[in-house]
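So that we are looking at the same thing, I have put the structure below in structure tokens.
Going by the order they are written in, the chains are A, B, C and D; count residues from 1 in each one.
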Amino acid sequence: MSQLTRISISIEDDLIQRFDAISEQQGLPTRSEAVKHLINSALVQYEWSCGDIVAGVVTIIYDHHKVSLVQRLLEVQHNFGDIVICSQHAHLDHDNCMENIIVKGKVERVKELHKTLLAIKGMKHTTLSMTTTGN
Amino acid sequence: MSQLTRISISIEDDLIQRFDAISEQQGLPTRSEAVKHLINSALVQYEWSCGDIVAGVVTIIYDHHKVSLVQRLLEVQHNFGDIVICSQHAHLDHDNCMENIIVKGKVERVKELHKTLLAIKGMKHTTLSMTTTGN
Amino acid sequence: MSQLTRISISIEDDLIQRFDAISEQQGLPTRSEAVKHLINSALVQYEWSCGDIVAGVVTIIYDHHKVSLVQRLLEVQHNFGDIVICSQHAHLDHDNCMENIIVKGKVERVKELHKTLLAIKGMKHTTLSMTTTGN
Amino acid sequence: MSQLTRISISIEDDLIQRFDAISEQQGLPTRSEAVKHLINSALVQYEWSCGDIVAGVVTIIYDHHKVSLVQRLLEVQHNFGDIVICSQHAHLDHDNCMENIIVKGKVERVKELHKTLLAIKGMKHTTLSMTTTGN
């Protein structure tokens, strides 16, 4: 774990007052946590725009009665074995499934996986959630 | 599974040509799939803005050495047992973990969970991925 | 103009180092300016989600040969005279125009204007840019 | 103006019913207009991701009492004379101004302008609205 340090910044009175107010409403415990939350989000956005090593989750909603779709989904994950860590399957109801594919790797490789999954016929929704490796 | 139907729309020549070109580049197999992909995304956005029943994934990155954080994470999930279907934990490296919490329920309850998770001290990134229940 | 104040926050070593690095790359002149930029963006997002008084710009791209569209555009602006401050027209090329409508008012009224403009047949693109009144 | 053509796509019954319902609620006059709206938005997103020639608006909120900021704003616009078509100034209240800078050019040049404007000290909010040249 990294060390905490103390930094100071100069900012307009009314700006920090309004920021404190909305941070409290959002349940953020301290001003430091609220600023760190913004900084973390900015860093994640930057990592994804710069082609770094990132982590993410591809979430897919589909009807599991579509057998060829299920087969193709597995096949693609094996083709991207270099970035797919694991996947998880949740039963949303009798027909609908959610599959979460957890990935870690270069941005462009992750986007290639996302594009390959988007091309599978018959899925109800596919989304890519962008996060950080924590490093 | 629902039945396929055939609809027709009128659209400018150059618009559909350019759309076909980018759909092909994105690997989308047919024009119908490309349009359906846009419609599905629009529907998901609408469901989330209207307070419907939705599905989603909250993804959290954290250092598992922070014991109190891990405890709090479990506690919160049990407090939201009415919408949390399951969760999945992936080891990104020696220090960093990714936790995916799969939820299904009313938008406002999902957002309440997200807010409660954001308030936990010491997490590296928290993000909410919005999808559909498939219905 | 409001007074500057000095605040201090505690943050992980490596986080602030990475943040400084990307802020410099983005041309932000000081750490204070970089943090203020994040805080300002968070406040704008909050104001728009909470129904406050906001400012914004609706940008419309269209072909000015479509006479009825031009008429309708003017008509709508007059119907929303309570929030429309002014508009500006730029000639992008022989056929295409950009119209920027500057608004200030309650979020829901601004969104009603946006919806009304979206419903005009034949426009090439309509987008709403969300900003702040500065207060 | 380009010619209208008629295309047909195959789509699930329930999907198109739900899409029709939300399109009506959003005031979109016909199914064709609703689909075109999605396609136009997808094309704009693509143009900006691919470095094409685009159009856009940079919106800046600032306090006009900050004289050096106003000077710098003008200077920057002249330095980017190759992409800046015109700008418009609106008085939001006694202190606050909105400046809209209309641009048309290569994506990377537009982003360079945006970055240069972000680096000016003391602005309250700066945002880039992405649209199309209409071609």
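The rule is short, and it goes like this: a residue touches a chain if its C-beta (ideal position, glycine included) is under 8 Å from a C-beta of that chain, and two chains touch if they have at least 3 such contacts.
Remember, it's a predicted structure, so these values are computed and weren't measured experimentally.
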item: Chain A to chain D, fewest steps along touching chains; value: 2
item: Interchain centroid distance [CA atoms averaged], chain C/chain D, Å; value: 9
item: Chain A and chain C, separation of their C-alpha mean positions in angstrom; value: 26
item: Chain centre separation in whole Å, for chain C relative to chain B (CA means); value: 26
item: Shared interface positions of chain C, touching two or more other chains; value: 40
item: Contact graph of the chains (line, ring, star, complete, other); value: ring
item: Which pairs of chains touch, using the document's own definition; value: A-B, A-C, B-D, C-D
item: Partner chain B, residues of chain A touching it in the complex; value: 1, 26-30, 33, 37, 40-41, 44, 55, 57, 59, 61-63, 65-66, 85-86, 88, 90, 92-93, 95-98, 100, 102, 104, 115-116, 118-119, 121, 124-125, 127, 129-135
item: In the complex, chain A residues that touch chain C; value: 2-16, 18-19, 22, 31-32, 35-36, 38-40, 42-43, 46
